[in-house]
Amino acid sequence: MVSTLVKTNIKDWLLETIKPEEFSEKNLKVAGILFEALVPQNKIAEVAREYFSQGYFLESITAVDFSECLEIVYHFNQWGPAKRSCIKILAPKNASGAPIATAPSITSIYKAADWFEREIFDMFGVVFQGHPHLKRILLPESSTIHPLLKSFKGEPKGSDVEQCLKLLKEDAETFEITYPQSIKQQNNHYYLNMGPQHPSTHGVLRLLLHLDGERVLDAEPVIGYSHRHHEKMMEIQNYLACWPNFGRLDYVGAMSYNFGYALLIEKAMGVVPPPRVEYIRVLTTELNRIASHLLWMGTFLLDLGGFTPFFYCFDDREKVLDILEAATGERLTYDYFRFGGVDHDIPQEMVPAIKKFIPAFKERLRDYDKLVTKNVIFEHRTKGLGLLSKENALAYGVTGPALRGSGIAMDLRRDEPYSIYPELDFNIPTRTDGDVYSRYVVRVKEMEESLKIIAQIIDKIPAGDFKSGKLPKNVPKGEYYSSVESTRGSFGIYLVSDGTLNPYRIRLRTPSFSNLNAIIDMLPGCLISDVIAVLGSTDIVLPEIDR
Amino acid sequence: MTLTGNFILDQTLTIILYGTIVVLFVSVNALFLVWAERKISARIQLRQGPLHVGFQGALQTIADAIKLISKELIWPRESDKFVFWLAPILVFAPVLSAFIIIPLSQHFVIRDLNVGFLFVFSLTNISFIGIFIAGWSSNSKYALLGSMRAVAQNISYEIPLLLSTMGIVMAAGSLRLTDIVAYQNKYWFICTQFPAFLIFITAALAEANRAPFDIPEAESELVAGFHTEYSGMRFALFFLGEYTAIFISSAIGASLFLGGWHGPFLPGPVWLLLKTYLLVFIVMWIRWTFPRLRSDQLMALAWKVLIPFAMFNILVTAILIYYQKFFI
Amino acid sequence: MIQYLKSVSSGLISLATGMAITLRYAFKKPVTVIYPKERIPMKRFKGPIAFVKEEKSQDHLCIACNACIKTCPSRCMSLVAAKSAVDGKRVLTDFKVNYMLCSLCSLCIDVCPTDALKHDDPNYDMVSLTQRDLVMDLLKPFRDAGTPLTKIPVVDPAAPKTPVAAAATPPPAPKSPEAPAAS
Amino acid sequence: MEIDKNPDYLNTQSPAPGLVNLFRVEDVLNLARANSLWPLTFGLACCAIELMAGGAARFDMDRFGFGVFRPSPRQADLMIVAGTISRKMVPCIKTLYDQMPSPKYVIALGGCATAGGPFKYPGQYAILEGIDKIIPVNVYVPGCPPRPEALIAGIMELQKQIKEGKTQGVMSPASVQDSQDGRPADYKNAISRADFRKPFDPAQGKPPAPPAPPAAAATPAAPTPSA
């Protein structure tokens, strides 16, 4: 990969060549980044190019609204041990008001920047110069608001119906002219709308497919159909009240999102949870990872037309949920973690239940192996399909099992260790092919690894408190980044705290967002049937993408 | 004059009688098959299946049928109305008429045609025209894609289906189904023609649009395929057509490979039904086990695997028959 | 050619294995819970929020401190308290939870100083034909049972002066006019 | 576009009971309809997972005949609105509802579809607070998310309604008094970046020390209590 030819340390290069306006080193364990630098607007392309050439991927771009300017924040990270750095540029607010601010685009360097910049345009109104098709991504295109600006004070009560009626009317009017005219004229080529209501788009994704017969020439995911204003919601309520949001962000693997938020606030407050809590957290997270992968496996096979494995997977999932429910009281949208602890102690009968579950599930995994993995039809449907090259993975910032299927052993449980993961013995399964089949195999192997982790810690849970005592009242002023390996990839939370009772800005870096973006390059050349397989293999959860 | 008149009257009455019996049987049979499929799939999937509507959910499909009859029939905007109306009938009616050649016993057969099961295959092909125009007239891209797939699939699988039966025709020396079944009073053709049997089952599955070959209506890809836009009773006719087609294919398969009415103790028709339902069960079992094939793989399977093997089977059979005659 | 035959035969074997597995599962016992007849025992499922019934007094424990109201992320709770006509303490006269908005995060239970709230576990399968039924009155069971805390006469906030006289009314008055009015 | 709040096509009562007595037929039809509610494969958010779980082996909605999930709205009878309704999705839901053949029924599954759920706050900009503002709803199943049993209970309630011929016009008023407390949402004003950055600058980017020493703060290597 490109990163092997490391010329100089990126920090030295920045200090020498770019001469940032502000520069400060941070503690990776507390602030989540190694250093941050404020560079002039016109240098950002150069900086991004250097980062790209050194093998960094773009973790997220976001913006923070200040009274005089918008701060646009880029987080770069590397595969392997975490070396996250934060580059900022300022976009002064336009006095005339429209556009609100402008900034240069880095889409030509990082493909991932495409959607990130569109999101900032959508949410903050920053116009990125040089972006090929800057349009709204999460809100309806006719929308006029930029909700994450602090000047947006909410809509009047009861305006939702009005807005929806307006959208309905627009929808009825624009029924005929959805597609670009230029393409409509070409023979044999046509557009197909897959979604938002489609059995296999895993929720409310709309895929706009440009087809020649059944072969995909071009695909564009249209997202935002389940935008639930998580980020704005968190800004207007206190830290404690954000918990339900983290349970509903990715409802399938909610526990790791809980984990991320708990880590973030504990870092910021300087709280160390008791050891029992760490064990409970890892235990529940790994169980949840199994449940999430099982759900994915079931729906993925359902997409491929195999009905029966879906039921077996759900049967297993119910068993995991029984165990989790006894501890958390919920089946999927967990609000289980608390700052410095967990909501409830795990019940006594959980340990024997898990011990009973492990061998039973191992047997099931063997059955899946025979029924599905080695099935000739399944192999034909998945092998050599939806290839994700390392280059594209880097350009799109793909993380999680999708990346590990392409041969990169990146896992934040190893690379940016948190909680008790460094003490545990587990492998990071990888496959080198980068196709649908390898992503499938990686996830199945991950379930085995999770089982291994559970088996390791189930007997070692120390006695003690399940909650730490007194907590500081609020989060000290500053910026924090915390990142965990969720079921779908690396989930990051970027918090700007102004020292008050509620966050000034919370940015959620959700893995599926980048992973879904990458299918733009995986789909061309596929058939419609393959679109389903490729989409299924990325394991997306729409509300997490749309936030 | 009177003779002809009587003859015509006789004929008409017979047709009406047989028609009524067949339609009744088909409806009841389809209802039973749907229920059986739901129960079988449920058992395979560790669940119960229909349970609360009648004993073990036996009335479930009847409720479904009554509901479907009473549903609103929707004409999609800009659909080709006449063709849209015609398509379900075209799918259902030919399958229905295929019943006339199934020999329940040596003499209990409605029409013992000398072209035999070729007639069935040509009839079932008409229903593909129905599927095609259903997708075409719906004015929906998903439906169109589904019908295109159906046509491609049908053309490919017709060949292995016929080729797989040729060995039997050569051995029995007749296309007439009664002759073929009668020939099997010593041994069933499944013993000598096992590869052909596998090919036949595969191709019959594909002909009946069953999973893993259900690509024309692939739920997870094309929403509901060619019948995406059909509602109510029209949709039910497609459903009825599909299940009847399975039954017909299985009955033909039972006649060709499993010795039709032959069997100890029980009367012939019962044996035929038993064998048919066994094949239907296998078809369902296959459906609930495998993932779906992709359309190009489906073609590859037909042209690269089934047809060569079927040809090879014919060759071997021909050689054997030739030497059998030569030596004995 | 050999490769081809090998792939065909291995494919056939894999298909047969798959069918064997599904057939094996077909003879296992279904895992289905026949729901209306059988119910899964709820160990710790979070049902709708309800008041804890104290064993001794059969009464609720709420002191109307508003801690849950302030914490609730979904803003789904509302509480009305009035001044007791007896001793001037705060008395709960109305406590409603809009179950439609509740996110079952149990933060209110966490912050409650008297542990007066709980999840009503067995009530996990409530359905309704109207939205009105889903705004739950937590005090209703206690009012129906006529527990002591619901009977305390309270100062009417609308008429701030008169309650001094009302305070003289004896506590065992069967029902105060305010309590039903709050429903 | 008009919202049909009490549409005629929901009315399945025979038009002229005096002329031809169709009550028996109507009863049979209602019984059939009640026992064969085919839901639309349609999920919006979290509750859709519970909908899937309801169809899976443990709960098995197919026992009642609800298990035939139809992906095409033309063949579905029951729309289970499972999840948060974002405004961008509303035209799609409305279209789907219109595409379903009558008689058709709607269940609002979960708090979000019922009234906005946990995502309702003063001034929200992205969701529709309850699907009943756009299409008529027959049964509400609250919970966040409701258990699959609650969904089954909801469908059984709907069954009861259909059997008794009561479904037409079941439209609860959309403007239910919600006990939302008067707590205003805390919309902040933008703070000045210069002010925000101030404490960072002097001491080489050291943040103001949090209450506990930062080095120890998040170190995962908490003393291991090997059991």
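Worth a mention:
Per-chain residue numbering starts at 1, and chain names A, B, C and D are given in the order in which the chains are listed.
By our rule, a residue touches a chain if its C-beta (ideal position, glycine included) is under 8 Å from a C-beta of that chain, and two chains touch if they have at least 3 such contacts.
Bear in mind the structure is a predicted one, so any value in this text is a computation, not a measurement.
The greatest number of inter-chain C-beta pairs in contact is found between A-D.
Centre to centre, using the average C-alpha position, chain C and chain D are separated by 19 Å. Between the Cα centres of chain A and chain B there is a gap of 48 Å. Each chain gets one centre point, the mean of its Cα atoms, and the points for chain B and chain C are 55 Å apart.
One simple way to say how far apart two chains are is to compare their mean CA positions; for chain A and chain C this gives 33 Å.
Among the residues of chain D, those in touch with two or more other chains are 56-58, 60, 63, 71, 118, 121-122, 144, 147.
With touch defined as above, residues shared between interfaces to two or more other chains in chain B number as follows: 42, 44-48, 51, 219-220, 223, 288-290.
Those residues of chain C in touch with two or more other chains are numbered 15, 18, 21-22, 25, 30-32, 34, 45, 72-74, 103-104. Viewed as a contact network, the protein chains are fully connected, with every chain touching every other. Residue ranges on chain D touching chain A, taken from their complex, read 1, 3, 41-46, 48-50, 52-53, 56-58, 71, 73, 83-84, 86-92, 94-96, 118-119, 121-129, 133-134, 144-145, 147, 185-194, 196-197, 199-201, 204-205, 207-208, 210-227. Residues 30-36, 39-40, 45, 48, 69-70, 72-79, 96-104, 124-132, 134-135 of chain C touch chain D in their complex. Residues of chain B touching chain A in their complex: 41, 44-47, 141-142, 145, 211-212, 214-215, 218-223, 288-297. Here chain B touches chain C in the complex through residues 40, 42-48, 51, 285-286, 288-290, 305, going by the rule given at the top.
Considering their complex, residues 22-27, 29-31, 35-36, 65-69, 71, 90, 139-140, 145, 147, 149-157, 160-161, 163-165, 167-172, 196-199, 203-204, 224-229, 232-233, 235-238, 244, 248, 251-252, 263, 266-275, 278, 295, 298-299, 310-312, 314-315, 317-318, 331-333, 417-423, 459-462, 464, 472, 476-478, 496, 498, 500, 502, 504, 542-543, 546 of chain A touch chain D.
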